[in-house]
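Paired with chain B in one complex and with chain C in the other, chain A is shared by the two complexes that follow.
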Partner chain A sequence: MDIKDAHQAREHPTYHQALVRWITQLADDELTLGHRDSEWLGLCPDIEGDVAFSSIAQDEVGHAAFYFELLHELGEPDPDRLAFARKSHERRNAKLVEQENGDWAYSILRHTLYDIFDGIRLEAMRQSSYLPLRHGVAKIQREEAYHLLHMKTWVVRMGKAGGEARQYLEEAAVRLWPQLDDLFSFGDADEETLLRFGIIAFGSAECQKRWEEQVKVVFGQAGLLWPGEIPLSGRDGRLGQHDPALAQLLKTMTEVYRLDPVARW
Partner chain B sequence: MQEQDYCSFMERIERGEKIEATEWMPDEYRKLLVKLIHMHAVSEIMGAYPEKEWVPKAPSLRRKLAIMAKVQDEMGHGQLLLRVAEDLCAPWGKTREELISDIYRQRVKFHNVFHMEARTWADAGVIGWLVDGAAIINQAALLETSYAPYARVLKRICAEESFHMQHGENIILALAMGTEAQREMLQEAVNYWWESLLFFFGPKEVTPAAERMLHYRIRIKTNEELRQKFLDKYVPRIWSLGLTVPDPQLRYDETEKCWRYSEPDWEKFGRIVRDCMGPKSQERMALRRRAHEGQLWVREAMIRSRALMHAV
Partner chain C sequence: MVTEAECWKRLQEVKDPEIPTVSVVEMGMVKRVKVMPGRVHVEMMPTFVGCPALDLIRKQVVRQLSEPDASVEVEVDFVFDPPWTSERITAEGARKLKEFGIAPPGSQLDELPSCPYCGEEKGQVENLFGPTACRAIYYCTRCRQPFEGMKKV
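Up next is the complex of A and B:
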């Protein structure tokens, strides 16, 4: 059964709750990563790279704005309040996207790992029963395909180049692996409900399986060692359990907003 | 031969024709162009740093998207201009790598405003509104330049800059119509940037280098003409927002048909630009050095990988 708008969704409390919690994860992932991407401004290895990274940052924040708008329609506070006023423990992004940027190798590998996951998650929503989400996803998928192509190309070319570039990528993989586990957690968005109501077409185990298949191909092309199983960290960003990096990010991001949260800026 | 070339070159310039990158040009013309365009390119790139400090702090989703897009444009302008400069430098064997490293080796200047501190969100707004506003006046006057590749790039830059000005204007309008604290922040920003903005257009007198640029029609207008244009356009706008200009001498002279203003401290700002002694010069040049030298390994890896791809 398709749910055509927010009004209809609000008539089904179970559906509504799962949907809101699910979209919050999407919005928080995209905003947090988009913010981190924008920190590369002026620091990329060349000017062309700077221009490209900014396009990606803008896309990610644009996607976040779309998801926040959906949440607002569903009865949540307005998009700016959602983006700027919530505390770290109220955020539902995966820990991966909140980490500091590190070096170029870390940033592009992190992005590739996230973009592959995000592509799979979008695929799971392509036929979503919630029509406003389904429509947005079609457009977002087109943009994310380019992000993935861009980031994957970087990883493969740097891996193939060998030397310190491959070494830094392998070091980045070692750092990244323990930061990955909650990417595949759906946190407090009840997976069984999401599947039963067709908000998504497949669940977290399938996401992780597909992710590993795709990431292994990239690692193979780049000549990188597979780091093995993803270790469990015992902390779940999808439940609001974040690293100090997120609190630091929010402190910066909301510095002007906090001067006067009710003023028009 | 050279003399004949020179005469026909100057005839073309005087007829208002434009010169292409592949055509013969006097060495002096090439040098003047490189000096101007290199500085312009570098100013666009260094101009991203004061705003970089505010990109992560933009106070709403809309502002966040807008300021990211705006600063991306500045980097994009830098890239377009660098490519024009690269072509001009090619006969000397000078490459992009060097055009960039010249920044932190203090071999190229950049605009005084980008040596200054961006202390508040209102500063970020004023940079978009008045600094970009001043830049448009400068750049629009260069649209008539005799060097065709520069003119083409400037056309796109000017179109984008007019969006930046609106972006800045939008930020400052929100502040001007906002709370008492927001208005104070805005007035404080205008006070802080005013002198830099006057200096931005350069000295009143026509320097020997400027005289040669006018000779070759690389530029058409003098510094003072451009500064007057800026005052014409912006002083009334500043006043109409209920803000003041921090210059008690500022007035429009009806008989002379020009603005009278207190001169900026030429010596102080000259030192800032020449010796990179501004409050933020060294810090921002260090960021550029870090981006460029610190990531040489990335550019080298990409060159290696291209060679490998071609070998396959």
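Up next is the complex of A and C:
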């Protein structure tokens, strides 16, 4: 059954709760990574990279704003408060996106790993029973295609270049692998409910399976060795268990908001 | 009271703030205009989800449509159904984009647009990203200059 708007969603408490928790994960992933992307401005190896990261940052933060707007319609606080006033433990992003940018190779590979996951997650929502989500997803998918194309191109280019570039890329993969596990967690958004009500079409295990298939293709093209199984970290960002990197990010990101939370910008 | 046709005509005056020669109608961003007693409702499709120009466009639409009669309440909603795609740009819009020095979008994601200056068909991708979310940067191998193009989305 399709749910056409927030009003209708709020009539079904189980549906509503799972939906809100799910969209919170989407919003927090996009906002956090979007902010990290913006930190590259002026620091990329070339001006094209600078323009790309700022453009991608704008897209990701735009997607976050769209998801926060959906949450607001569903009865959550206004988008600015959701974005800037919540503390670290209230956030539901995966730990991967909150990590400091590190070097260029790390940032590019991290983005590739996230974009592939995000693409699969968007695919799972393409026929979502929640129509406002389904419609936004159709639009977001078209934009994300460019991000992935850019990121994959660079991973393959660095891998094939050999030498220092390849060494940085290999080191990035080693650093990234232990940061990946909760990307595939749905945290407190009940997977069974999400599937039963058709908010998503397939679950976490299927997401991870597809992700591994797609990432292996990119690793193959770049000539990178598959790092093997993803180790468990014991902490789940989707349950608000974050690394200190998130608190550091929030301190910077919310600095202006905290000056005067009721100001209109 | 304004008519629907008059509203569309007035919307021709609302330009994309990043491309001041092309109107929101020519960009294919206006989905529907509905005139009701004392009220006009406009549905628009953003070119990109995070387009920062939306607030500005909304204000311009309100100003244009409430000019003939200030008592009319103008409502602007941004909708994603259907999603805006680059095919929605009208022929006139494409012509004006080119005139402004921006190549109109190709029909495929990997199709390179022809140079808006010399018409050469084969350019090179300089950067998939450009000065705004909806544009990419190309390089023309014939007239040897970089040019911008609207992304195919």
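Assorted remarks:
Convention: the second predicted complex is superposed on the first by the 264 of 265 C-alpha atoms of A that agree within 3 Å, B and C clash if a C-alpha of one lies under 4 Å from a C-alpha of the other, contacts with A are read in each partner's own complex, and residues count from 1 in each chain.
What we mean here is this: a residue touches a chain if its C-beta (ideal position, glycine included) is under 8 Å from a C-beta of that chain, and two chains touch if they have at least 3 such contacts.
Since the model is a prediction, treat every value here as computed from it, not as a measurement.
Of the two partner chains placed by superposition, only chain C is touched by A:Lys139; chain B is not. When the two structures are aligned on the shared chain, A:Glu11 is found in touch with neither chain B nor chain C. Partner contacting the larger number of chain A residues, of chain B and chain C: B.
Of the two partner chains, neither chain B nor chain C is touched by A:Glu229. Looking at the shared chain after the overlay, A:Leu149 reaches chain C, while chain B stays out of its contact range.
When the two structures are aligned on the shared chain, A:His63 is found in touch with chain C, with no touch to chain B. Of the residues of chain A, those at positions 48, 51, 54-55, 58, 61-62, 65 touch chain B in one of the two structures and chain C in the other.
Residues of chain C touching chain A in their complex: 46, 48-52, 79-81, 83-85, 109, 126-133, 137, 151, 153. Taken in their complex, chain A has these residues touching chain B: 35, 38-39, 41-48, 50-51, 54-55, 57-58, 61-62, 64-65, 68, 79-80, 83-84, 104, 157-158, 160-165, 168, 252-257, 259-260, 263-265. Residues 48, 51-52, 54-56, 58-63, 65-66, 131-132, 135-136, 138-140, 142-143, 145-146, 149-150 of chain A are the ones that touch chain C when the two sit in their complex. Across the interface of their complex, chain A is touched by residues 45, 48-49, 52, 54-65, 68-69, 71-72, 75-76, 78-79, 82, 96, 100, 121, 171, 174-175, 177-179, 181-182, 287-288, 290-291, 295, 297-302, 304-306, 308-309 of chain B.
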